[in-house]
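Each structure below appears as structure tokens.
Next, two complexes with subunit A in common: one pairs it with subunit B, the other with subunit C.
Then we have the complex of A and B:
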């Protein structure tokens, strides 16, 4: 049957009319609906779409693993030219035995979460050896040698030592490389990479992407690259398939789909993508142009801020975490999470605090929240130090400083209606008089954040991720704050939702004169939202200045490295990057081994850069 | 080095727990009345002076804390003292302890042997007929009171159909009914535990990765998933040991099994202070010891907590 029409030679994999569904009968949900695509030899096909679009499910179908997540292939064919079986087979109907000979051997997969993809109780080496022995029938010893070579291929230093390490001894980026080594160990014809860099820091992402690209070129592997990140897709893909709600929206060469999209949905998706460098020459934050939201285009630029008196001022704030050990449980090491961090935020201003994991950016937020105590330094709120102010003033400070966290699922109590959740802090701080039901107050807030007031009695699970984040924003606003700390507040959201939430935050800033401390790792979003930017590395600020100064005239090598690592949405052009090597060092130090405090030098009005590049030599870029 | 420190801390903990438990038991049993009165209850013409003399010879005229201190001092030397009625305590325990350990080990073994395959099968075929039946059966098993189950088994398997002895400890055949009684109750809990643990782990990313490598489903489940499941299972089964000892006391009585449980109950009935204090101390040390062993095994299975 499947040989009815001859597949052209360069087409390695053809997916025809694939429908995957969960459940059966009238309750069935289609996760892929009449999907068609072709993967060519030695090419990368990117599948893009937002969460729930079915992009991951369709790739699990290629491996015949759909039944393990509770779904089934309802109809369609997945034709694959297998060398092991010596013929073109339909992966949808192939027997399990033959499928197993293809899985991991001819078609391998890398998953999104490097932290959970490797089995924690086996060494890295034994997990790679297992695959090799299974598919190549070689001895343990030969397999071990090959595993070591595979680890070297993904540029892991000390492969000979790492092979006997357990996954928890490796950083996220190293684990993902080990995962790639495992997937490529049998030299597969197809590599499926499901959001392989989403959980990684941007500089580490750049490393992993360049490894995948190089290995693809050297081995002649075809890649199915699943991602929600348009910038990454633009850098990796030859062809792009856009999916929405289980269906194909459009497919074509990357430069056509990303450069001149035919469909409205693709255009809307692209419009929501923050493009680094798109704000060059401007000084103020700018709303995203969201098609359909154009009526509000009267305020395309956010308001300027009042730079007379800072609302909050950090003065040499130092926060460390003690690590105890030894026989007497004494402090042996300290995590130098924040070292002499100083900055000011003015009313109506957004200061973006950027850095990679371990840079201490969240610790700064937590210290302002008084969730951790600083070792030294001061945080002055309207001139008064929050750690020494009397209790009544401290309560007032707490009311005026509110927070929005990254995970909108974890930060709302599932057993309370959103109305109750929003009202609770307002009651605590007497913003709403005790006894009054506060319902009108909450309804106003819901409308302000763009949710229908009628949703006040709903529970969090009835909302999508973006709507929940709006609820969290409404809760923060309920106390009439003057400063909002947004800790990765839009990082977990889909791009189109992210754009809406970012726009909402900017509009609220203009209306209420709010100051934001915007903590994030995403440079492209930072360029949109911020007035000023502070770059943190290993607990210290290495560069701080206006948005324009940081993005158009970055001085510190780390800032440059961070900016250069951001994937650029530039259809048809793949930037040739110098491979960036090395891991971010640990901020954990022995007691007594204090880090050197960087001295900041003012090179232009308000633009401060750490003097000297000691320790940053490896980061110099052209 | 940290392992030594860990064991050292646990050892101190064990001593404290044993002290606390025995102090409480020694105090509580003295509230039940005078053992000397009980000893002489069948004799006639006992004078107050006789009673006082007996008390003095047993050391019962001393203040409570002195008596307790004496007990601890002897315990530290490995001397468990003499029972009021039955000679050296050590002789009694050296018979009862192996009997109890045999019963406990057999029951645990039976339960593990049954509950791991059943629990895994149930998790893999979640929602299927077998899963439903296993879950209902385990609920039924959980609902049996252990003494009732023991009596029913005796009724059926040694009275109606005389396959196994009804009581006592006489050869391996007499081990069957008591260990099955405890085994059924343990299995009922363990099946559920294995099932939920495996369900959680089978949903983990690394299990999907193992499948994507082309491994057979058997290898995925028994190598990749079970090894991770063992971490939780070992912890729970260690904690279960305390409950097991409690259950053993009752079941030993039902089957007249000459173990630590029977010995303790007899000691209580006779107000045999030294014997009771000794049996309780040994049971407490055993429970603490098993928990220490669990923590050490835990480190062997899970490289993440293995100390470098």
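Then we have the complex of A and C:
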């Protein structure tokens, strides 16, 4: 980028040699280091990178919010052509008053977490009206009219009614759309979207992405799109900036960066991205090829499983949660989280349980782990029904299944060392003799999951997210289980870390003959790890079969819809998919209003599909 | 870590090893509570006559004039320094015992109610609401009128009425902690409830508890003075800090020292306890321990 004295007309925002740092003196941490990029009019620039790479900080600098979060701009400039101020300004040195006129008006932002970025005590409408009145100086009434139009623009049904709703009355996807409406209400020139769809389900993500794309086309907005998801980036971006450790790695047109990356880091990042459809024709799970990680000759293919006797068998398992209400605190509604769910898992096998939020997939896992009690049905462990066992036997059965939770930050007690945390289940089940300190045992486990044994006395906060998840896996292995339930165990991790952890799980499976129940919403990961797949929707299994059957020959419309919504890493080709409308209906029903049980039909060997599409009226199926 | 410290001078090594004690909070807090505590414990032997020796000729002597009465005398000519030190016996006992009793009772009830929920939780918390609505002084007057005055009764009354705030505080922490994944994880591998509650939940709920505890000690020292003033607490002859404050009330314009010295002592005690409390809270938190 040669620096002309005068900015070329289509360059809306130019970031030059930007360095942002936190703290001062020798302790200073640079969150952005000599960063350069240009945002063109009506284009989308995607900033990608793993957590901690400084991608969010570089966008907060554009909003002039660095001071607010305790950092400072050490050097560089951010040149922005402002219409409000009528000149090109440097956002790094601009006074607070002028910045306020630009923020929300010319540069707006959408945050990741739709649950927390709207103020819960104000209605949706009043929050949009506030922005409008502030920046455009129009009357309350006119602002309300505009707010309504903005809500219609993001395709929210019943905008007139929603405007007076509070955030908690909306689903996550609707809230994110309301956020977009708020951000776009002043018709900003730049929209900064910081991981706007990370917290959403895939089908809802597809809706939100298509809304952002359409609005960008109609309003001529430039978008800075921050994401860690290469598939989403490939669908959205014109240009891509790859960041690593606060520095720019590579910048260029999306087609070049994603299609023919020049830098090793970009290549490594792309190699770690699971691509849906990349395993067509194979039957077994496959390890990720991680550059730099020694691939041990012929182990990349995971072992086959032994299909003679199932380790665990679910027979019409039904779990419901009661919701009490009314004057007498009686049960008025029930959440039908799992309805007559049946499947088997064999030793050494991975069964993936997929579905969107509220589909009841976690409930099934928690019921097997005895964290919740089922209403009816049976869970048979090697033939014995665990819910009809006496209490003491049930407790000892807990040794056989272990749970790995999604959040590696929340699932370790911050006040215990990782050694204590790992050892605790082993003590509970007398795997390690009480009284012995078990240190060697823990060190072995840590090495098995790829962590140095010397870290045994550290506290969880001294580890990164991926390392913590390894600690959680070590804890799960501590009492030598035969089934590990991984509940979104890799969803919170960066792609490269995710690939490593998935590989670790597959290697452990091959070594120990473990069976996995892999609960996730991420179809691309599922394709990698699973032998068999079960698709859940509103508490019921709609389709179950081998991985090949589900991915290459999906029969149920919901499965197809789920697969179609997954963003595909295919730079240069934006999928022209029909925007799907509609929300996922709630699994909460009034007492007495029982859902209809779907009948599964065997269409091929082991491939069962639900007949009919009852219960799917709420949304349009592909 | 260990290898690196080998080459350092002994003095630095010592400081590194006992790093946690070289902190302003700890040093000042320990100094204040240590000195006051030692004096109070030894006071019975230092002043055998118990601060009751009246000397009307020397009444309201100003401080810093003589070695006989370094902090002056009160309206009855009793030595202020002597009475301040002796007063600590009752004030310390009331403040510490009542707070300790309340924190134990309240924490256990709060933990159980928050963890198990259900009907007992509802009953206990509604009872707690009722208790919070009942004015303490009214309760104290009623009870003392029936059982007669005394320090032991005051302490019991304070425990009975103050466990509620601890129970509420702990319960609210427990309600969010019990849903955290590490508690779920502990349940998933079959840990006993008792160990989950005391091993996983309690350590994470300690921070605000310690803060409330140190404030509570201070409040109870002052509360004892109100009760003594109303004639419900200690026998008026027995020196207590609160009692001295209320005695000095009438002389505040002419003889400031009668109120100021017990007041300053209360302040220093509370400051010392608060500093120790802050230090303890940071020490118990592994996050705070390494970052400083």
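Brief remarks on what is shown
Convention: the second predicted complex is superposed on the first by the 601 of 622 C-alpha atoms of A that agree within 3 Å, B and C clash if a C-alpha of one lies under 4 Å from a C-alpha of the other, contacts with A are read in each partner's own complex, and residues count from 1 in each chain.
The rule is short, and it goes like this: contacts are C-beta pairs under 8 Å (C-beta built on N, C-alpha and C of every residue); 3 or more make two chains touch, one makes a residue touch a chain.
Just so it is clear, the model here is predicted, and its values are computed rather than measured.
Once chain A of one complex is fitted onto chain A of the other, the partner contacts of A:198 are absent, as it touches neither subunit B nor subunit C. In the superposition on chain A, no contact is made by A:342 with either subunit B or subunit C.
When the shared chain is aligned, subunit C comes close enough to touch A:410, but subunit B does not.
When the two structures are aligned on the shared chain, A:357 is found in touch with neither subunit B nor subunit C. Once chain A of one complex is fitted onto chain A of the other, the partner contacts of A:100 are limited to subunit B, with no touch recorded for subunit C.
In the superposed model, A:134 lies in contact with subunit B only, and not with subunit C. Touching of subunit A by both subunit B and subunit C, each in its own complex, is seen for no residue at all. The touching residues of subunit C, counted against subunit A in their complex, run 180-182, 184-192, 200, 203-204, 284-287, 290.
Within the complex formed with subunit A, the subunit B residues making contact are 1-2, 5, 204-206, 208-216, 224, 227-228, 231, 301-304. Looking at the complex, you find that subunit A touches subunit B at residues 63, 65, 68-69, 99-105, 108-109, 111, 113, 116-122, 130-131, 134-135, 166, 168, 179, 182, 325, 327.
Residue ranges on subunit A touching subunit C, taken from their complex, read 369-371, 395-396, 398-399, 402-403, 405-407, 410-416, 421, 424-425, 428-429, 459, 461-462, 472, 475, 479.
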